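Two complexes come next, and they have one chain in common, subunit A, joined by subunit B in the first and subunit C in the second.
Entry: the complex of A and B
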């Protein structure tokens, strides 16, 4: 009898401890989720303000700042330029990256791991450092800063995304599919176009989407390599926010968030987010 | 890869040796596909980094290589203060990201698919959002009439707005949000590999839930903690946009120095030297973290 009291107290303490533990975990986790979401939410809501300044909560709701975007010549020009740069850089990165992914997954050769690490290294190097190095390189070979120079520098930093997602899809592709196609009489090209490529398309699309958004949003490399006459949208936005807090900047931001949202949805639809995070 | 090719060739009554040769030559050609990307990065990535090194060992009036630039910076008290601030800021931001990221990653492994998808979505959206946009959002949130001050004044905690924008505290808050996804993803990957029945076993053997958590789950997720911390530290110490926008020039970090000497004062030797010192500090942390992770993986604790 005497022993049961402390035992029950221990069990009660355990239950209280259990509850305290889960309350603490949930509180921190929900705080983390809110923290992650807050800036995106605020900037989108703030862009609908009807006031002259950016405030939160917004003063009245209107689409006036989105309408003003259309009237801002510099915003239109820089957005168009960013679109061209990102599209061109993504196209080059997809060609280089998809080709490189095949031997990295399917061939056995000495130094394959080292080569893989080398091809991934632009992901680790701070983009500010790459921007500076790129500027020194371009001026050493005497090429003036221009859109093609900017495109190539973006390719260098986005090509790892394409290699990674393509290689991941390729690793999951059953080699017997190819062999079946070959043994049924398809040549190498036909096998690639009709069997391999369709199966890799979700992975390639996800990598291309990540590559596109990284190029489209890039500021640090462009600050060094765009030059004064090649203004991209992030450079314009950076200037608009730093020099005058124009509410049109919030409208641009909301549009950029929308594009990012589309990229995440595409990745989810193509390969599933649970697989994306394992890349 | 060779088996069905062989069997097909056997059925066509050609020799297995020829089939093997065919596969071999295909492999040779396949190998070449890696060349365009490799050559491109050699020219457009490795050579520029070589230029960086070249500028760091050159000084006006000095023939050949010199360590003068490094000597000048590493004896400059302002530079050392800036380096110290950058390192401290990165450690603090990494710690905040870890404290908020760990419980979220832990819950991720205990919740159903709908919650998991929500967490992943909320993690990936800021990860892929432009750094300029995120910093701008923090300017709106941290400002005098921003969300935080409105909430604090509304709740009667303070009478006058707290200065957060253009301060180090504001930059800490903004950077920790930026780094949280980079902490979360390695943590989730590491924790998903832990068998949940290990913690249940500890509880059924009499450990409290929190004891089981700290004695079982926390040590087993050490590889994820190390990976996330390395990533978060390396990215924070090289972050330029957020300190520039949210800090508004109220203090200087290493990336600000690089940008100023490269673009404003056009002193490329100093810019290159600063960039290399930044890389060395970041690499030292990566290397230290990786050897720590190896110890966790093979050490007696990992049994």
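Entry: the complex of A and C
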């Protein structure tokens, strides 16, 4: 019996170690989450202030700055423009990104890895550099700055999201599904539309959500390529905080956060929906 | 009647009927750069015939299957389906059905939609599709499963749906690509029987790809054994087993004692060959022998044990070094002299072999049927190993 004592102590030590491990993991995770969310939470709370300046904690609660926001013509037009640009850019990016994902996953060709890296480069390149480069390119070929130019420049920086998530979905998809569909009489188009695409939707939806959000709140590239008359919401917001600490800026931020959350939830819902269909 | 030797000299037995073959492969080759995956394969498959492509992984059987299905163009040769050259025909226009190892059911579609897929691609009328789907699900004994999704089915059920999906479109040719590989052993044997019966019922011309020789033997009308991109031998299962064309086939199909022998003399269709000091009088084999060295194949079930050497027939004296119970059969290994090991298997229920030996027993080993012993040239290309030296 005497021999059992150290063994028990060892087992107890194991238990303690186990508990310490999980406490440490949870503490770090919660601290990280708090660190990420706290600033956003503060700006959202500050937007409900009744006072004249952005302060935290807010002085009284009111929706007056949201009301003022609605009254500001340039805020409304820039918000509308941002929505249009982000939607259009996401649509183009989805088409290009899904198409690009196919050869990147399914084909074997020389330089595939290099091409992969190149298509990811906008994620690696500083967007400031990309904005400047885009501006120089556009003026070099003599195209005036306009909404379509802005859309295309956003496409370039958001398409990697779509490629990444679509490629990940495609890599998980059994290649035999395509062969099965072909052998059952489906041509290449029908195989894609009826068999492959439905199975890629979760990946595409996730990529599209990322793409939409990063276009919607992009500032750096837009600063270069939007032009003086094509103002987006982030540019407007930037201008507003530059001049004074207008609580309307906080209200815009709150709206931005709200839209971002809405898009993420929408994507999550779409992914969940396709999961339900598959499960 | 033709002499046995003449039949044996042909590695590829022609398909049993003289009718137009459903599938004809004419010297089909497929190369990947310098690698030849399929090397001048010719094969006729008669209507309703069940032919198996059997070989170790990397022998080219899957590549050949892809050439037939149209997913890979052959580098040379022709794939002919009912008199039509298919080389340039896209896969979806070939009317060939495939069942894959992991079934490749469409995960986002119900069982009914999976089975209806091929019919919808053929633009059949709605009502006809619905009744055909019901008919196919009854055929594979899954009538109540129309609205399930593939992930809600067991492996065997998914297998049946995959079959129903393929058979619904009445393909000219059915390709089965290792379809039982993902099933556990008991279910696998059940599905083998079921598929075999179903395919026979429909008279479906079938090409079956597998690396499992037992499965191939059990299911096929003919087995085509592939090695290094070529069909080494194509014949009925019992022919492949009893009269393997070369050392590779002898080694690959079933288990066998492959023993180094020395040729003592040749006669008319007979050979005298010495193995471990004992001369045997055996029929001469297909491949001509050169020199003195040869490899002698004796199946373990063609060897018998006794306590003493029988006076009237050749026998080896040795010591039993291994005695394993496998249920129906006792498996022995007998050591003869310094280096020779013979594997012997004896059914336990047979009267004359009811005696069971134990490890360490002194025994005499005799050949039951000398006519079933094969002799191969020792340098046959394709020999993977010469066991029991």
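Note that in this section the second predicted complex is superposed on the first by the 229 of 279 C-alpha atoms of A that agree within 3 Å, B and C clash if a C-alpha of one lies under 4 Å from a C-alpha of the other, contacts with A are read in each partner's own complex, and residues count from 1 in each chain.
Definition applied: contacts are C-beta pairs under 8 Å (C-beta built on N, C-alpha and C of every residue); 3 or more make two chains touch, one makes a residue touch a chain.
Predicted, not measured: the structure shown is a model, and the values here were computed from it.
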Inquiry  = Let me test your reading of the model: by the given contact rule, A:72 touches which partner, first (subunit B), second (subunit C), both or neither?
reply    = neither
Ask   = Of the partners subunit B and subunit C, which touch A:179 in the superposed model: first, second, both, neither?
value = both
Request  = Determine, under the contact definition given at the top, whether A:230 touches first (subunit B), second (subunit C), both, or neither.
outcome  = neither
Task = Spot which of subunit B and subunit C makes contact with more residues of subunit A, would you?
result = B
Request  = Check the residue A:261 against both partner chains and state whether it touches subunit B (first), subunit C (second), both, or neither.
outcome  = first
Touched partner set for A:120, first subunit B, second subunit C, both or neither = neither
Inquiry  = Under the stated touch criterion, which partner chain does A:96 make contact with: subunit B (first), subunit C (second), both, or neither?
reply    = first
Task = Would you sort A:198 into first (subunit B), second (subunit C), both or neither based on which partner it touches?
result = second
Task = Report for A:83: first if it touches subunit B alone, second if subunit C alone, otherwise both or neither.
result = neither
Query = Looking at subunit A, which of its residues have contacts with both subunit B and subunit C?
reply = 176, 179-180, 182-183, 274, 277-278
Complex contacts: residues of subunit A adjacent to subunit C = 174, 176-177, 179-187, 190-191, 194-195, 198-199, 274, 277-279
Key: In the complex, subunit B residues that touch subunit A   = 1, 4-5, 8, 26-27, 30-34, 36-38, 40-41, 44-45, 47-49, 51-52, 54-55, 99-104, 106-107, 116-126, 128-141, 145-147, 150, 176-177, 180-181, 185, 188-189, 208-210, 213, 234-235, 238, 240-241, 245, 255, 258-259, 262-263, 268, 271-272, 275, 278-279, 282, 286
Request  = Over in the complex, which subunit A residues touch subunit B? Could you list them?
outcome  = 14, 17-18, 20-22, 24-26, 28-29, 31-33, 35-40, 42-43, 46, 54-57, 95-97, 99-100, 102-104, 106-109, 115, 118-119, 121-122, 124-130, 132-137, 140, 152-153, 155-156, 159, 163, 175-176, 179-180, 182-183, 188, 210, 213, 217, 219-220, 223-224, 234, 237-238, 241-242, 245, 249-250, 253, 256-257, 260-261, 263-264, 267-268, 273-274, 276-278
Remark   = The residues of subunit C that touch subunit A in their complex are 69-71, 90-98, 100, 102, 104-108, 117-118, 121-122, 149, 151, 165-166, 169
